[in-house]
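Here is the structure we will look at, set down as structure tokens.
Going by the order they are written in, the chains are A, B, C, D, E and F; count residues from 1 in each one.
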């Protein structure tokens, strides 16, 4: 592309610059556009977007999520970040880049989902860990499929932070719905039901027949009622202990609506009674540090409902930073916080 | 009306339809317009609106609450809802309908309050449990009066979740103020002071002379300072234990500003330092399941301040769903969560 | 349905009631749910919703338009409305009802568009004039097709107020795109190119090759540059004169983004430099009064971007009222304002 | 009060200070609290607030208008303002102060309206010209009554810029409604119908029977349809010419909703199709300069719907500045702009 | 000024008046404009504004904070406030006034900071306790310097509630940055490092070299990770115990972004994962009651991002009220809550 | 940089892609980072950002303007744009790129302004026409200085569309104020007073002494009062005729607040009574086409006040597109529209 040698391109122009200056990649990180760029840069983690919202069932706009999450950083450049307790500096430990967006095709979910799968496959093939910014939760189907095919179908654990189980066979017949991604992954064999851990479920989903199916396939569902009783740290500890006896590789999918609407109003289907930001950020970091992840997505940020102040996009941005921090902690052997 | 036989009318037209489609009754439930409709439908719970805001003392707009709460549902129809822990399905257990709105007359609180009292009386006379969507908190005066007259004056317990005590004799001489409803109920004998349990009080109300009156009449006030010390579950348990030795019938009134402004910004008089959504939803469910209620209102939702994302209206909607769930749990004998 | 005799059902309960009270049909008009209801009520105009937004190319949310437009009325009931200049009272002259919403199926545009076509066909078959509230502009394809099939394919004039020509063959291959509806109507023969009059085009669409196609098929396009030079009244007069020599029946489609973003910010693709509210309302009334219409739609209202004050939804609501007023003026012989 | 000598108090502390600094009186003008203060300061114009919204029929919040209008100034202090064309400097020509707010009593319109009448009477008795910031349009009844009693009942012209005629006898029986103020002034004899000039009426009010009454009492109503045809300048010229043959003293009442919702979204009952800001500001200045006014109010600013940017409050603020400018122009003999 | 005798001036005009009425000083408290006013009124606490935002690094607008905080009160007058648990009435115990704003000079931080220092010095010289409403956090440098010079340089404890340490030497070379105030206080000797207690730090600041400096100078930093583990009450108790062995006088600085963005979205640099409102209000009260304070500031309220509902400004307002309450409790000997 | 050969880099990855996809340069145009890139790409027009807001006098946030303007495009890629009337395709006629942002240094206006001047100089030295996205209006001082030094000091015409004259010597002593840029350009000799044409002035600026200075130095000021009388087209025609007898090179500076607040609410100092979007877009195009420009800036877009719908940013984006279109028209000999 452009005759340039492969490698990350810095869009920052000045050694020190305010956060709002310049063309906004994620956190002002260098941009890669091809797998060769990733390889040449020996990139550990590639952050890409999946700006897709073709299947919204409630309030539309999740396709505008990646751009909002990217622009929501506070400091620039981020290389001096350091986790306070462990004193791990993630950007010294890991090479991280922005990988741009996958090719979404409006009105054609089948083609878009093939593109998303290929997008993630490209990142994995270059040896990088993909972090995908949604888009609606439908994208987890193709993205996790790509990861499962890379590491072995049925050999991938799925840690799923969400207020909804997303295990409906379809929505009004639409299989690409954001309510169905986990169902398809299990039914197609990419992930086995007993390797799926769901945390934060609440509200009035799923209906009985779907909850029965979830029981049948062995999904480990941790409802908010359990979290209220036992505390999130205990639930996470138990979940990670259980997951650690499963597949060696784990995919983390975070639906931002797992957070309470007070913390994440900018989403399509807010469910009152969820996690605080404090709980969510720690949970993400712990999964990455204690269990380890090979891929991640964070979905359902909808800037149209973010109250003009972008707190939801920033929370999602921080979830990504915590996942990177946790990954760095794990690399350096600082896994556990409990 | 319209020559039609009595009974609920479904405004939903299709067996399965998205939540945002069609004319919005509460949760897309069938509509009843007369007591005969309620009787013909053997309706257990009738949800009606009291779109009244004639006495606002701070930021106006609570008269637009019922419409916002109704439209704030996520799924449609709601009949497959099931409570996760108890696996109770409220809409299989109970027949629920929307009863439309009471006749408010702008600028005439006396007439409006008579209309509200009659509106609730109609529902009770048909054998249904009324859930009233406010409107400002002034409406609790006529609504609870109607319930007290149905079950016996002085024989009604009042469970009051609120940041304010609403026990002022008037506001600048105005007796219809939203700050006075509880005072009137007690002074008129509809409810006895010692049967009133208030939970969540905070801020700088009430002033000393009113707090003294509250002590005199025996109101059991649980301030946030107590909740911070003991935890809400313990406070609720104690309150329900105490209440269970009182009258056989209880009225639940929820001022949405009992929730913290982070969870319920869309209200007229937000008081920092309140309940989380998680706490509020569980508290409502526990009151309905463990003590049992014969009527409920939820008030002070003000869409003009709901940040363009409607999280307050949705929280109020969910409070109603939790009250229905708790009522179903109680009917099926699944009362306690602690 | 419900065993009731056919006919419109009033959801208003009281002789006089504030606008915000009760279940919001359009302008608190009676509700019809079947063609038999329309026939029994001898309904002249039926207002229905098409809450569809599956093909958004910019900012999503047009599926929430019908509900916002319906609730945006000021007075209730509207029967005493009277046009100031002509002193025509539209609701005395015409029977108008709300016909609910068509069945949209998320993620299935083909089925949805068949449902929309059938929805409009039902209204026409009952002898009523359909006014459809969008939804994105894709809906004009099935809606106008139904009207063309009723009055004769190729025998329908199309008056199209919009900032965009909507004559792209597809968007990224998606034929159901809101950019393509006019193209399909012409290519499928429902409407002939020379019977299409477009008013208000501006911005950077269409690209040359599409503009060439428009010229070929004979579309009469009136760009804002012409309106700025000649004034809208002159352009409308000329357009109506030209149209009056065409087919006997006309379909009016109004994309709310024909108005300037200052007047209609709540839309997906606002184009600066458009009509004022004053111009738009008069234009709609003149088309209905001077040319006459047999069907109408108004599309692309997106409440998520309506600045928390709903001025776009209200403008759309008024466009509908002006179309009804113009239709009444025409029925009574008060056609011309120029 | 406070033992201080009578006279205006400056709340500005520094010779030059940014607009947003300090306690916000209107435009940072000195504050008067008593008629003696006005007399001691030889105040020409006193700007006071009527923060009343007890009778809202649509979206509530006009009681928060005065505070928003006051704080909406750009420069400070304003004394160097100069009108560009005439080069008149109003604050050199006239002594202007803020007079604080009248005593509104929530829920007691009768007492509030007596207080408002007394508030205006006080200002007039001190020889100052009152400009009242509403509040809802109901306040014009007591305010204009006070002026009529000062200058002679039936001897006051009323220039009324509004989208609504406000000539209903009541709203649902409520005589204090913002829809009735003009009716009461005429029926009580404070102002004679033929001395009332209304400019900007549109929408679907008034209904026929009220319009007939308006014709009977001789109100000169200029609808937007006339303004669209003739232009506002011509309509104003005609109206002022007609008014100049009437009473020697004129009261100007401006409902901010006379402006189009694009210019004034922050109001309770926005009516599409109104005046531009450009038209409105010039109209106000012309009335003050060419006809002359002895009192003014500006009403129905509702900050809750002002889109977070306050353009409606600022427009109202500027209407006041233009009225002051016009008054200064008239004092200096620069009356006419046409 | 104005020839009036010194003393507080009441801007409230009526014995009882709604909160939104009149010219908004803080909580409608009387206004003082000079040290003589403070002395004449024997004022215990003077609340002044520092509307400064010349050094913003993220989202601008903190200079509009004082006005928003002042206007955010609920009740008026506040004199009957009483703390629920201790039943202390702060406004009976202490004389409190509004002292207006310091003179900020846009674009001239050096002059502005001198003015701010003088502003605080004036208050202290009159024997009053200053509470300063920011403004960005840069203002703490001059304000705390003034206090240190009053009580002795190096003899002042600093309790700092914030998500950021504000210990950078500069931002891009700018020493007046809101990221540097604590650094300058320490480096200039106004406050000694070991007398600084920071509570609530989180996010990705400070970078390692700054954190090392903080360790060197002995700052006691309590990160959110500690608060999550131990609970805020325990952390506060420990911090107050440690501080009580230090200097006799303490300055409390509260950056509103110490609260979680759900509770305080209206700020320039929101950091997810912070304190709840409940925690913050209690922490402020405990510091004032148990340790005692001689000055306070509260900074970084930015109304432009406050979601149209002002919950951040109200939270800041309540922080001030809690500080006053705590001070009254301490005066009356009701210090401890734990 | 990065070892790549010089030239524009495309950040778009797919031949056709939705507008919201990928890293947002202006209109998804290729990015240049050095003068060599500009030269290698033979770039005609380079669009760069000046994200500076260090001197705000009213509502802060203009430093966030460039990012908002960039992201506000509708279509992608823009190369098929064609002007409707002239059928000129600007992106076929001209090579246009994004040049990133100049280096702003928070709190150091002197250094920032030197950087801005150098930034523009770089673009000019590469033979490209600079279009600078502000930032506050202070940036015109260094930007136009760079252009004047390139084409000859005193040999540059300035066309200035604005509601404010920006001819104050300083604001509270601050020479970098956005109110002073035109003053400095004239006083320093970069531009001569008689070569400055101001269009759209209104409100209460400038005060008499500044207006007198403007008269003295020969500025040709066209106030809104003139535009209201004569129409904007006539004023523009006259202004361009006059300017065409002046210097051969012209700089166009557009303060977005020249538009009415209804069209451009997202700005720091909105002045009611301004240009419509229709007028502004045509005026910009006419200046570029009929007079010709060698540089442009567009300033004072403030996303914090853009009502959550971004209409101001989009209007600014379109102003840039119209300037490019006009430049292309001029290149092809299609200069005049009147």
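To be clear about the criterion, a contact is a pair of C-beta atoms (placed from the backbone, for glycine too) under 8 Å apart; a residue touches a chain by one contact, two chains touch by 3 or more.
Fair warning: this is a prediction, and the values are worked out from it, not measured in the lab.
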Length of the shortest touching-chain route, chain D through to chain F: 1
Partner chains shared by chain C and chain E (touch criterion as defined above): A, B, D, F
Homomeric contact chain A-chain B: same or different residue positions, threshold half: different
Chain E on chain F, rotation in degrees - Cα superposition, rounded to nearest 5: 180
Intercentroid distance (Cα basis), chain D paired with chain B, Å: 41
Centroid distance [mean C-alpha coordinates] between chain D and chain A, Å: 56
Of all residues in chain E, the ones touching two or more other chains: 18, 20, 57, 63-64, 106, 172, 260, 262-263, 276, 304-305, 307-308
Every chain pair meeting the contact rule: A-B, A-C, A-E, A-F, B-C, B-D, B-E, C-D, C-F, D-E, D-F, E-F
Of all residues in chain F, those that touch chain C in their complex: 16, 18-20, 74-75, 78, 80-82, 84-85, 87, 89, 260, 262-263, 276-278, 281-282, 307-309, 311, 314-315, 318, 321
Residues on chain B engaged by chain E in the complex (per definition of touch): 57-58, 172, 201-205, 207-209, 211, 223-225, 228, 260-263, 265-266, 269-274, 276, 305-308
Residue numbers on chain B that touch chain D, as the complex places them: 53-57, 59-64, 105-109, 111, 171-174, 176-177, 304-305
Touching residues (chain side chain D, partner chain E) in the complex: 1-5, 7-11, 13-14, 17-18, 20-25, 31, 33, 49, 51, 63-64, 67, 70-71, 98, 100-101, 103-104, 106, 304, 308
